[in-house]
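A short write-up of the structure that comes next.
Per-chain numbering from 1; labels A, B, C, D, E and F assigned in written order.
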Amino acid sequence: MTIFKPINENEVMGKVKEVFDDIKTTRKIEDVPNFWKYIANDPDTLERTWSSMKQVMKKGALDEMTKELIYVAVSVTNGCEYCIRSHSAAAMKKGATKEMLSEMIAVTGMANEANRLVEGYQVELDNKFK
Amino acid sequence: MTIFKPINENEVMGKVKEVFDDIKTTRKIEDVPNFWKYIANDPDTLERTWSSMKQVMKKGALDEMTKELIYVAVSVTNGCEYCIRSHSAAAMKKGATKEMLSEMIAVTGMANEANRLVEGYQVELDNKFK
Amino acid sequence: MTIFKPINENEVMGKVKEVFDDIKTTRKIEDVPNFWKYIANDPDTLERTWSSMKQVMKKGALDEMTKELIYVAVSVTNGCEYCIRSHSAAAMKKGATKEMLSEMIAVTGMANEANRLVEGYQVELDNKFK
Amino acid sequence: MTIFKPINENEVMGKVKEVFDDIKTTRKIEDVPNFWKYIANDPDTLERTWSSMKQVMKKGALDEMTKELIYVAVSVTNGCEYCIRSHSAAAMKKGATKEMLSEMIAVTGMANEANRLVEGYQVELDNKFK
Amino acid sequence: MTIFKPINENEVMGKVKEVFDDIKTTRKIEDVPNFWKYIANDPDTLERTWSSMKQVMKKGALDEMTKELIYVAVSVTNGCEYCIRSHSAAAMKKGATKEMLSEMIAVTGMANEANRLVEGYQVELDNKFK
Amino acid sequence: MTIFKPINENEVMGKVKEVFDDIKTTRKIEDVPNFWKYIANDPDTLERTWSSMKQVMKKGALDEMTKELIYVAVSVTNGCEYCIRSHSAAAMKKGATKEMLSEMIAVTGMANEANRLVEGYQVELDNKFK
C-alpha cells in the first residue's frame, strides 16, 4: 500500500493541467516526470514548486548547467536517489560532461569530509572571517 | 577546556612545516588559516587533506570558482559555519560575485526542499532513469 | 548476505515474547512489524525502544496524530523510507487525511529550504531571540 | 568580514519595501526579523520565499500551531539555531505551551533514533507497505 | 529570550532530584551537566533518557571508551557542538588519547566522503551484499 | 539509463589496473568491489581515495575493527545502504561480533536522539567545556 499515487496526465484539469502543459512546453519533453505527477496530489504545492523551480534554475548570474551541478551536489549530500538521477541527466542536457559530473562528485565528497574535520577539531573562526 | 588547540606556525618542523609553507605559497597568503593549524595536530591527516584538497579543487573540467560554489552549497546543506565563511571568501577570490553566491544559495535551498518532497511523496523513478 | 534477519515471532521466548505480545495488544494488530522483529536481535534495545516509543508517542499535551505527523516530518528530512511509509500509515490510522499529510510534507520542504537560506546568508540572531 | 549584511528597512524601495511592509502587517510586528533582512540581498528570493512561506504556513487542513511545531522539528533535526529559536517563538504565539514544545522535541529525538535503528539493521519493508 | 532554562539543581524534588543524584553518583561528578538540567524541563524525558543512556553506554560487548568514540563520530557528523565537546571529554576520561580522537575524526571524515562518492556514482550493491 | 557504469576489471590498464591489483592483494579478495569499479570512472579519484582509505583505516592508535565500527556508525547516520552493508561485513572480517554491531547501532541511535534534544532545548555549553 502506497499512500500517494502519481496523477495521470490524461485526466487532469484546471490548474494542474496548466502546470503539466507548461512543464512539457518549457522543458520540451513529451511526458511529465514522476516528481510533478506525485506532487500534483497537492495542486498548490505543484504550482508553487514549479513556479519556484523555473525562477531559481533559470540562467542568471550563474548559467543553467552550473545550477544543475549545484543541485546534484546537494542531492548527493542528502542521499536522494531520484533527485541525483534526474538532475544529473538535466545537467548533461545543459552541456555537462561525465568529467564535470565526476569533478562535482569529488568536490562534494571533499567538502563533506572537510566539514567533519572542522567539527571534530572544533576549529575556531579566523579573525578575518568574523 | 578545549581538547585540540591550533598548532603555532612558528614552532612547526618537518612534514607540518613543509605543508604550512606550501599552503602559504600556493594560496599566496601570509598566515595559515585555522583549519590547517587545527588538523596539524595529526600530521598525516594534514598532509593527506592538503594534498587531496589541492587535487580536487584545482581547475579541471570545471573551473575553480564553480568548484568553490559547489563546496559552499554542500557546507550550507551541512550547516558548517567555518566552511561556509572560508569557502564563500575563496569563491569571491576566484571571481564569484554576490549575485552568484545568492543564486547558489537559492539553488541549495530549492534542492533541499525538493529532496524532501521526493521523500515525502515517495516518488518512484521514471522508467528512463532506471 | 545480510547480517541481521528478522526474529520469527513464533520462536520467541521470555523478554522478547513479552514485548511482541504487548506490541500486538497495544497496537491491535495481528503481526509484529519488521522494525520490531529486526531490533529483537538485541533484546535490550527491543525492550528499551518499545517502552520509549509507547511513552513518547502516547497522547499528552499533543494528540497522537500530531505526534505521528512530526515523526514523519523528521523521517522525511532524514530520508528513511521504512519510517516514512510505516508512520504515514500510523498517522492515517490516528485520523490524518491525505490533505494533512500533504501539508506536513509542504512544511517539511519549506523548513528544509529556509534552514539553508539561514545558513547560506549566515543570518544573525535578532536581539529578542538572544 | 561577513559577505552579506542585513538590508536596512528604512532604506528599501520597490519590491523589497512592499514585502517588508507586508511582513509587518501580516505578522503584526514592528520590526522585520533578520531572516528577511538578509535574504533581501536577493529581492527575487525574498519575494518568492515570503510568498511561499505565507502559503505553506497558513491554516489549512492543519492549524498554524501544528505547522510551526513541524517546522521546528525539522529545524532541530538540521541543527539550525536561528530557525529553532524563531519558530519556537512563533509556535508559542500561535498557542503552543512549553509542554507541547517538550513533547515535540521528544518525538523528534525518538524519530531520529529509530530512523538509525532502521538503517543499522537494514529493516526490510513489511509487505503491507510495499 | 530563551524558552527553556536549565533547572537549578538546588531546587529540584521528587523524580528529577532522584535522577540528578544518580547522575552525580554514577558519573562521580559534583555538578549536573547542563544537558540534564535542560531536559529536566520535561521530567519524563529526563528519566527515560538517563535510564537509556546508562544502559546503552555501559560496558557490554564493546568497552565504554569505544562507545564514547562512536558517540562523538555521530555527533561530528551531525555538527552538534555540545555533544562533541562533552563526549570527547567523556572519551578521554575513559582512556582515549588525543591520537585516538584524531583517528576517530579521520575515519569520520573519510566515511562522510565515501558515503557521497557512493551516492554520486549510484554504486550498485555487490551480489554478495544482497 | 544510468550515467556511470562499473569499470570492467578485465579491461583496465595503467593507474587503474595498479590500484585494482593493490586492492585485491591488500584485502586478499578475488574481485574488486563495485565501489572501486564505479569511482574508477575518475582515475584520479580512484587513486586518491584508495590511498586515503588505506591510510585512514589501518591500525594506529585505534585497531582496525574499531575503525570499521566508527565507519558504519557514520554511514548509518547518513543512511548509506551500500556503505552500511559493505563496512558491516568488513567489521566482522576484522573480528566484530553481531553483539558488537548491535551495540554500535544502539549507541548510534542514542547519539542521534541526544543530539536533537540538545538542539531542541538549545542547551548552553557548561563552563568547563568552553
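Throughout what follows, a residue touches a chain if its C-beta (ideal position, glycine included) is under 8 Å from a C-beta of that chain, and two chains touch if they have at least 3 such contacts.
Fair warning: this is a prediction, and the values are worked out from it, not measured in the lab.
Shared contacts of chain D and chain F, meaning chains that touch the two of them, come down to A, B, C, E.
Common neighbours of chain B and chain D, by the contact definition above: A, C, E, F. Equivalent interface to D-E within the set D-F, A-B or B-D: B-D (over half of contact pairs identical by residue number). Farthest chain from chain D (centres taken as the mean of C-alpha atoms): F. Chain E and chain F have Cα centroids lying 21 Å from one another.
A separation of 27 Å divides the Cα centre of chain A from that of chain C. Separation between the centroids of chain B and chain C, computed from CA atoms only, is 34 Å. Counting partners per residue, chain D has 1-4, 41, 44-45, 52, 56, 77-81, 85, 89, 99, 101-106, 108-110, 112-115, 117, 119, 121-122, 128-129 as the residues that reach two or more other chains. Taken as a contact graph, the chains are fully connected, with every chain touching every other chain. Per the touch definition, chain E reaches chain D in the complex via residues 1-4, 41-42, 44-45, 78-80. Listing the residues of chain E that touch chain F in their complex gives 2-4, 6, 31, 33-35, 38-39, 41, 45, 49, 52-53, 56-57, 60-62, 66-67, 69-71, 73-75, 77-78, 80-83, 85-87, 89, 97, 99-100, 102-104, 106-115, 117-119, 121-126, 128-129.
Note for the complex: chain B touches chain D at residues 79, 85, 88-89, 92, 98-99, 101-103, 105-106, 109. By the touch rule above, chain D contacts chain F in their complex via residues 72, 76-77, 79, 81, 84-85, 101, 104-106, 108-110, 112-117, 119-122.
Looking at the complex, you find that chain F touches chain B at residues 1, 44, 48, 52, 55-56, 128-130.
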